[in-house]
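What follows are several structures.
Shared between the two complexes below is chain A, which pairs with chain B and chain C, respectively.
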Partner chain A sequence: MDRSEALFETLIRLADDHLILGHRMSEWCGHAPMLEEDLAMPNIGLDLIGQSRPLYTYAGEVEGKGRDEDDFAYRRIERDYRNLLLVERPNGDFGHTMLRQLYYSAFMEPFWREAKNSTDETIAGIAAKAVKEVAYHVRHSGEWVIRLGDGTEESTRRMADAVEALAPYVDEVFADDEALDAAADLGIIPSPKNLRAEWDARIDAIFAEAQLERAQTVSISGGRQGRHGEQMGFLLADLQYVQRTYPGLTW
Partner chain B sequence: MYSQGLIGTDSRSEETPEFLEAFQKRIDADEKIEPNDPMPEGYRKTLVRQIGQHAHSEIVGMLPEGNWITRAPSLRRKAALLAKVQDEGGHGLYLYSAAETLGVSRKQMTEELLSGKAKFSSIFSYPTLSWADIGAIGWLVDGAAIMNQIPLCRCSYGPYARAMIRVCKEESFHQRQGFEIMTVLAQGSDEQKEMAQDALNRFWWPALMMFGPHDSESSNGDQSMAWKIKRFTNDELRQKFVDATVPQAEYLGLTLPDPDLKYNEETGSYDFGAIDWDEFWRTVKGGGVMTRERLAARNKAWDEGEWVRDAALAHAAKRKARKEAAQHAAE
Partner chain C sequence: MSSEIPLWEVFIRPRNGLAHRHCGSLHAADETMAIQAARDVYTRRGEGTSVWVVPSAAITASDPENKDENFEPAESKIYRHPTFYEVPDEVGHM
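Take a look at the complex of A and B:
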């Protein structure tokens, strides 16, 4: 895999993660458990979608075929999306949503921190902005995981369910991937594998405060190869609805 | 906006004539009334009602627009709509805070909304059926909100006036954004033009209804005007809105769905056709197309969030207890 191919595939992976997780977060808008969260959750969704945009735009430039951010976001088939299965998981209850956010953000925080020193200037620039936003996402979701884990009997049970439900999707975050590994070798991004120890320590510390136990489970993967869960088609049906119904128009 | 001429407000006061006169003097001198100042009970109640209806409308208003966030047609539009809906939630939050300065809690106001006792603006009882509706809402609904709220920035009650200044800045941004969506559609394909016209057809009359009943039907307008809670009557504001909006529709090349709409040389304003007041009252009283669903959605979010709110309280109590225990141990 040459440099531009590795860079392109890496950008698509990252952009898809951010878009799909941001889309999931935006599904909460107007339905949060309290008004403060009706502001905080769209805010996180907005940050994520905002981060996907320069990644897609740059992917289009690297590819050189004239595709723009919306071509990638709206005009691909499901198998071409390269996001992690973790980020497409349905929202579930508020605890599931916050735990999913914590898992992803606790991965991206050190990722963006390291990527500030990328050999690729554009990625370094995107990372410098994103690193501040992701720090807030970790704090916000982490605080909720602690409150809910160490809250009432019901909230403790629900958080334990969320830990169980999301456990299969953790390994994929750090798994071998041809494109990401190649990009890491070129100093474009940090290698996800190398971020695992920091992630584990972070999650363990939060879980200790939340009085939650990590769950043992079998891993499920496939997102990076475009093999998604059954829910993904419905997400895309929503996301792409207008673009699919009226192809080729400007909005 | 969004309080629709204070439907159902009781502005009667029981105070002595001297007290009322002294209060009126302060109002006439354009002094701002602040939370701890003496004020007639009717003044307080009118404001609680108005600010409450306004806050509820901001919150319920997140739903019809939220309906298109996941389906927004481009990343730019999706981000802008998310930001807009989030702003509306923020408006709700400052308005609840302004109402709290008058001695009602957010919890109390929330319960009144959820039980259906408190009203929200009739405009949010209409469904958003196409992407163009998001443009029409920004253009017309936020536009009507601005018309109503700019004078409220000079409202006699300080905390409300100050909240409005901040809100108005954001509403005018929303209005421009909505108009821009409509501009793109109106200059787009035939399907897009049709979509824009259809949205305008459906939202025009409901937007006019946002200003509330006809002045002759608006029972407490005079007292609110005297107290400078309101600065213009419902009909005056509605007329200003029509006059501002007709040229915008012409610019877009869209037709307002009113065959009686006509420029009046004498008044320098546009005359317009009769509003369907039956539809207005039916909607305000809970019979709008989406009224039940909006309330059901708010109730569902609230009920399903109960365990989260309970857990947050329980956790805070545990933390406090642990901290106290640690302090004891240290002593």
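Take a look at the complex of A and C:
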């Protein structure tokens, strides 16, 4: 895999993670349990989608086939999306959504911090902006996980259920991947597997405060290869609806 | 919900050198969450460089019933406004 291939595949993986998770967050708009969160969650969603845009645009430039951000976001089939299974998981309840956000943001915070020193100038620039946004996402979701985990009987039970439900999708975040490994070797991004120890320490610290136990489970993966869960099709149907119904529509 | 989650008053300072100004209220479980919620609700468009939150319960307010005795006496004392001085043009904006 040469540099531009590794770079392209890496950009698509990162951009898809951010777009899909951002879309999931946007699904809370108008449905959050309180007004404050009805603003906070779409804010996070907008940050994520905002981060996906320069990644897609740059992927299009690297690829050199004239595809733009909309082509990647709206005009691909399910198997072409390379996002982690974690980020496409349905929202579930509020605690479930916050834990999913914490898992992903606690991975991306050190990722962007390291990527600020990328050998690729564009990625370094995107990282410099994203690192501030993701720090807030970790804080916001982490604080909720602590309060719900160490909250009422019901909130504790729901958080424990969320830990159980999301456990199978954690290993994939740090798994070996040909494109990401190649990009890491070239100094374009940090290697995900090298971020695992920091992630574990972060989650353990939050779980200790939240009185939550980590769950042991069998891992599920496939998102990086385009093999998605049964919910992904419904998500894309929503996400792509306008472009599929009125191809090329602009406003 | 309001009976379970305390109410907070939010103060935002728009720029260095200006004072924090009251801009609204919100519900949050504690001061940490209140600061986060204030950031999300009231600084979405770059309104602030600093946020204060104060438990609404900590605010002692004047009684609306005493409005007349508190505030009306000041209305008839126009001499407290320095509006009778003629400012020479050379002074410019004061």
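Methods note: the second predicted complex is superposed on the first by the 251 of 251 C-alpha atoms of A that agree within 3 Å, B and C clash if a C-alpha of one lies under 4 Å from a C-alpha of the other, contacts with A are read in each partner's own complex, and residues count from 1 in each chain.
As a working rule, a residue touches a chain if its C-beta (ideal position, glycine included) is under 8 Å from a C-beta of that chain, and two chains touch if they have at least 3 such contacts.
Note that the coordinates shown come from a computational prediction; the quantities given were computed from them, not determined experimentally.
Asker: Is A:Arg139 touching the first partner chain B, the second partner chain C, both, or neither of them?
Answerer: The second partner, chain C, only.
Asker: Figure out whether A:Val218 sits in contact with chain B (first) or chain C (second), or with both, or with neither.
Answerer: Neither partner.
Asker: So, A:Cys29: does it touch chain B (first), chain C (second), both, or neither?
Answerer: First partner only, chain B.
Asker: Once the structures are superposed on A, label A:Arg147 by its partner contacts, choosing first (chain B), second (chain C), both or neither.
Answerer: both
Asker: Using the superposition on chain A described above, determine whether A:Leu39 touches chain B (first), chain C (second), both, or neither.
Answerer: In the superposed model, A:Leu39 contacts both chain B and chain C.
Asker: For A:Ile77, select first, second, both or neither according to whether it touches chain B, chain C, the two together, or no partner.
Answerer: Neither partner.
Asker: Could you list which residues of chain A make contact with chain B in one structure and with chain C in the other?
Answerer: In the superposed arrangement, which is not itself an observed complex, chain A uses residues 34-37, 39, 43, 147 for both chain B and chain C.
Asker: Could you please specify the touching residues of chain A with respect to chain C in the complex?
Answerer: 34-37, 39-40, 43, 136, 139-140, 143-144, 147
Asker: Which stretch or stretches of chain A touch chain B in the complex?
Answerer: 19, 23, 26-27, 29-39, 42-43, 45-46, 49-50, 52-53, 56, 69-70, 73-74, 93-95, 146-148, 150-152, 154-155, 158, 238-239, 241-243, 246, 249-251
Asker: If we count contacts the way the header does, which residues on chain C are in touch with chain A in the complex?
Answerer: Interface residues on the chain C side: 1, 5, 26-30, 32-33, 36-37, 39-41, 44.
Asker: Could you list, by residue number, the parts of chain B that touch chain A in their complex?
Answerer: 59, 62-63, 66, 69-79, 82-83, 85-86, 89-90, 92-93, 96, 106, 131, 181, 184-185, 188-189, 191-192, 297, 300-302, 304-312, 314-316, 318
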